[in-house]
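Reading through the structure tokens given below for one structure.
Going in written order, the chains are labelled A, B, C, D and E, and every chain counts its residues from 1.
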């Protein structure tokens, strides 16, 4: 199968500061009263932590400070300050940032990448979180001998989404990811548009989620996946005709088997009109589709889309029950081009904690299970498997691909690039206090579209660079070579460095 | 009683003037003023009467001047802006002139917080320069502040003070110029102990061309003791007493210190006489008027010319 | 900002002696900023008064309230519902606030808990200094943006007195000589020429002399 | 809505300031009191609602704060900081974690279930109940549940011996005498508390809670007093003294009685059955490695309901104790093997801390559960166990109003009920009775982990 | 504002960071002294506000102690320094109403001294001559 690897020019990185006055950081830098404003620290620090001030320098970018390891450097301001007026301490706030999956280090890393377009240098763990299992215990095994050092341009990160061999068009994305559905209503129009614009710039796709197709999105039709979910909110034939990929959402990983629920507070007049509903009323997406009673119904469902839009690919998004492999096979036979496996770590919307924690299996189990089963059935090459729900880093992405996915679908990470702090309160009241997952007018104003778009682009360009570095270390020239390579990945509980031929990355 | 200012006459005739200071009593007894006048009578040209100096309540300067005038002396009325607003000040200027007082020295005055009435409200309606300007206008144009015409103008020789030793130093000469611009005709300076500094200042004054426009009288205060020298150096605002002077006082035995103080004063006067642009001295022997004749004598400034 | 300081508790107690039910009212504006009359200070003062009353066997009842501002009718009006239940209002506002409350409630006893001090600048945390006296005739333009009326102990308009030494004011060695500041700023900005002008006496009628001052902006009045 | 499908809740406010994970540190000194102060901009109005609870020296701002960090990031003088609240870490212990305790508090306040945005942020898995996941059905499902129709999912269970088939005589009349069963609307009984402060009010709260929920609270015979008499229909009296000391009048009003396991248990059950045929007897036994054979023997001897009790941490009594979920699986499968499982009601208790534990333990073979500590936590207990040492209770549990306590318990149970429905709904199961022993509806960590991850990292 | 009496005689506010096992360590002394003592662990001594101290006194505490980390050891950098100033301010305030400033006491632990909270408390009580043998009836739970 031919993959269109011709990369059009990817966008540039443009550094963009935090929207907030004080960025959150691992370290705190304080200038005490004894400062005589000699300005030495301003000139010493290569990271731009300080800015000259009229009474004393201002600490404007603690988050860029190298921290304690800086002690070894000759520009270590704490030692060099003639008045010993600089204090460097750990930031106690860092202890409560994030959660086990999205650790403070991961959050700060994502912010750093989105801000600077660079890999963090402050000693932050940008590869794994603290969940104690799954991705966080999986490691790459790199060959000991280094292969030839290819230029980055010669490594392909493109994947083809239509592998079925049917008459529908080929759809290639230049990066092995697209952005998952976050409905208008769950996030603000600014958030939605920035993701769509970033997807267009990165030559990939962004899904609308279930909540309609706001007209601001029309210029980006070619980079949009429109979603049909159980509530059918905002689903219209003309929007289905508009796009190149249509997605059925059977379930979502955060609340498998439960349907959706948009609280009344977030249903503003605009949200309501988009969803053909009444403002201020809570909106439920039922579970499951009320027109799908059986596998046959499932196929008919897919056929409906195929009839409506002759060129569209069909994606089926499912969660990860014990029989997810059967679901994937069934979806393939029903005519799906893409099967998206959605794990429970993602999702912006409200979900009962009991569901997120307990219902359905972790993504790390589901992906290899499906990959193996489809391979055994001999149809693995005919369908695109996309993993989603909790991909936090380029490393998670690469691991998911090694476990058997063709690519990944992202959501939460985009929001983190927009300075989501993962407080888990996007569901209630006025929504996100940081103006990302909200429909509140005042809170929406906290973020500008251009800023948001570029932050997402910046972060994902870093991810792409990191992916290329991983592929190169593995001696691969294309991300498609990584798919299902169980041999290049190991689990810390089952593998020991001394038993390996390669180098286990710790 | 239309007389002339003796001080003005001495100065305009190009002679080296000598003035002294007389502090009025903290009481109503006119004899104190009169007796001080007697001591100074043949040794100085004019006598300054302080105006509630350091914010301590004393017999009023205007009344004391009137008493000295009646004794046939030439008083200099010191007038501070601390205690009276422009109405009272101008009215007193008229009164002084009417009483035959012919000299006025305009000052802002020590801050009330230093005296025995620290709770008093300082007036400071106008400052010393504005007062100089006002008196000058009253005399020359027959107008008060705001332009109202007087029926008769006061006749006063107008003086101001200067402190060459205060900060900002560079600005001190310019400030003198401002006072001259405002209308000051003679200047009495802060006590001089640091001759070098004073010379430096005079250089700046000359550079500004002020030496020809105003009569400058150097301030002299004889030290009574080493203790006084130390106290003044430390506690009196705007006072500059170099370490050598203090050491010299200390070196003298206690009984000799008064004489040593007089010797320093005399030496200073002799030096001042040599400085271009210095037109006289103003001796402020604080509660020690008896020292004045000796100083004048030893400085070869006796006898005083007849005016 | 208007600054103020709490009166000694002894003085407050003496004023409050005849009263039993006390409404302690703070103000959330200027006096909160200078930590004299905000919500926190209301709490502290009330606590202290209650403890003191208890120790001296007096029974008092205190209610704590803090208005956004005590110098604006719309905020003062919030007291209307409760004020009748109290014998006295102890106001932690500036003098303007105390009087404004008094004017709204003609029959209520109002006592000041603060001494209103001056118009100030927050120099640093916990330090407020006076630098404007509201003279109504601002001359900062010719004084290099240092106000001699406020910052010179004698309010001199034409240069420093003879008392300043090592750039400190003779009255308070902790205070820089305003004129030193003016001269050096003029020097730094190349405007020493401004010093040669003799400034005529000020027009104090803009500050005082006709009773309380007023500003009327017809366009702002409805 | 019939009461067995829905539990009415009512808000019952916290008496004490909540202990939260993080604390705000807002220095006042140097505050610029900005006109557009970050404190005024707070979306949650944390600073406006500020107040001090002097009983604990805790400020309300922590419990209202939602950790959005806008104030921390916005304060021009960086005067606001957030940090871990050490008090939070001190809540409970390794098993009764701060997260569990604060989750229970949340539910007890108004009966809401914990809902959050932003995906799952917890650990990948863990010991005990955290090493299993429940299943769901994706596209094709046996029943039409989901969020609609969920309200008709039944959680009712029965306590007592069951007959396997009805027999009729020739006249068509029932020829056997079916043993009595007690039906309760939720698979939960309130158990004896392992510890608590002086408990008069606490006991009454539990009884009142049990009555309003239609379930039972187990009460020690030694603690039973006249004040409890009105609650007799909702008491399962635990015989910790002599059976003969219990007056016939009380026995007549009782529907459930629990007797300790021992050699006289079956004899006692027989005696009770003779004298009070309507009374259902439960035999209480400590969970132990030999439980399955003992349970089987009791069934053959006529036991109808057995209450298997693990310790506070869900561990059986043994040197190398097994966790309750593993032991229950073993007992259940043993009884299935012997073909007697359906005759008996198995009640399991000990270490039940969250709603998910209810579903998981039922999947592992219990018919229903008994809960203890969560009921105390509903009333703001911090699981500090100070009362065990005779130290005063930090939340003054001994002073509660029993009606307030009952509301809190009812709210918590409503939350649990709702969450049980979530799990059942996702599976498409309409009855909790059908969940019992349905191990195909669960995924176990140990197995999946080995199946999937042990194959990685190998060539070929 | 809750003004319910604490019914205690000594309030000990302390920075929790001082003693990681404070919760366990203070139990014996709490049992011994019952309602005569009440501990208030704080996330940082800088959390203490003059209002806390006033309210503690107001609700009946005879004496309020604040125990802070050693200077320089505050994880919030300056919490204990601020606490020190707040104690001094509040002492001034209570003096104004005629209370002994000693009713509030600041104890700054020294860097080398790694005492547990109960040891610190016993030191305080010993210094004040409060014997630890109290009538068991007094240790009853306060209503």
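Here is the rule we use: a contact is a pair of C-beta atoms (placed from the backbone, for glycine too) under 8 Å apart; a residue touches a chain by one contact, two chains touch by 3 or more.
Computed from a prediction, not measured in an experiment: that's the story for all the values here.
**Student:** Using the touch definition from the top, list the chains contacting both chain B and chain E.
**Tutor:** Touching chain B as well as chain E, we find C.
**Student:** Starting at chain A, how many touching-chain steps does it take at least to reach chain D?
**Tutor:** 1
**Student:** Using the stated contact rule, I'd like to know whether A-E or D-E comes out ahead in C-beta pair count.
**Tutor:** Contact tally favours D-E.
**Student:** Which chain's centre, taken as the mean of its Cα atoms, is farthest from the centre of chain B?
**Tutor:** For chain B, the chain whose C-alpha mean is farthest off is D.
**Student:** Chain with the smallest distance from its CA centroid to the overall CA centroid?
**Tutor:** Checking distances from each chain centre to the full centroid gives E.
**Student:** Farthest chain from chain C, going by mean C-alpha coordinates, please.
**Tutor:** Ranked by distance of C-alpha centres from chain C, the top chain is D.
**Student:** Rounded to a whole Å, what is the gap between the Cα centroids of chain A and chain E?
**Tutor:** 49
**Student:** Quick one: chain C and chain E, Cα centre-to-centre, how many Å?
**Tutor:** Inter-chain centre distance comes to 37 Å.
**Student:** Go ahead and note the Å separation of the Cα centroids belonging to chain B and chain C.
**Tutor:** Distance between chain centres, rounded to whole Å: 40 Å.
**Student:** By residue number and range, which residues of chain E touch two or more other chains?
**Tutor:** 1, 49, 51, 55, 75-76
**Student:** Please list all residues of chain C that touch 2 or more other chains.
**Tutor:** 40
**Student:** Where in chain D do residues touch two or more other chains at once?
**Tutor:** In chain D, 25, 28-29, 81, 83-84 touch at least two other chains.
**Student:** Every pair of chains that touch: which are they?
**Tutor:** A-D, A-E, B-C, C-D, C-E, D-E
**Student:** List the residues on chain D that touch chain C in their complex, please.
**Tutor:** 28-30, 32-33, 77
**Student:** Residue numbers of chain D touching chain A in their complex, please.
**Tutor:** Interface residues on chain D, with respect to chain A: 21-22, 25, 43-44, 66-70, 72-76, 78, 81-84, 103, 113-126, 133-141, 144-148, 354-356, 359-360, 419, 422-423, 425-428, 440, 443, 448-449, 451-460.
**Student:** Help me check something: in the complex, which residues belonging to chain D touch chain E?
**Tutor:** Within the complex, chain D touches chain E at residues 23, 25, 27-29, 51-57, 59, 81, 83-87, 90, 197-198, 384, 386, 389-393, 398-399.
**Student:** Okay, in this complex, where on chain C does chain E touch?
**Tutor:** 8-10, 40, 43-44, 47-52, 55, 64
**Student:** In the complex, go through chain B and note every residue touching chain C.
**Tutor:** Listed in rising order, the residues are 82, 86, 108-111, 113-114, 122, 124-130, 133-134, 145, 161-163, 165-168, 170-171, 174-175, 177-178, 181-182, 190, 237-240.
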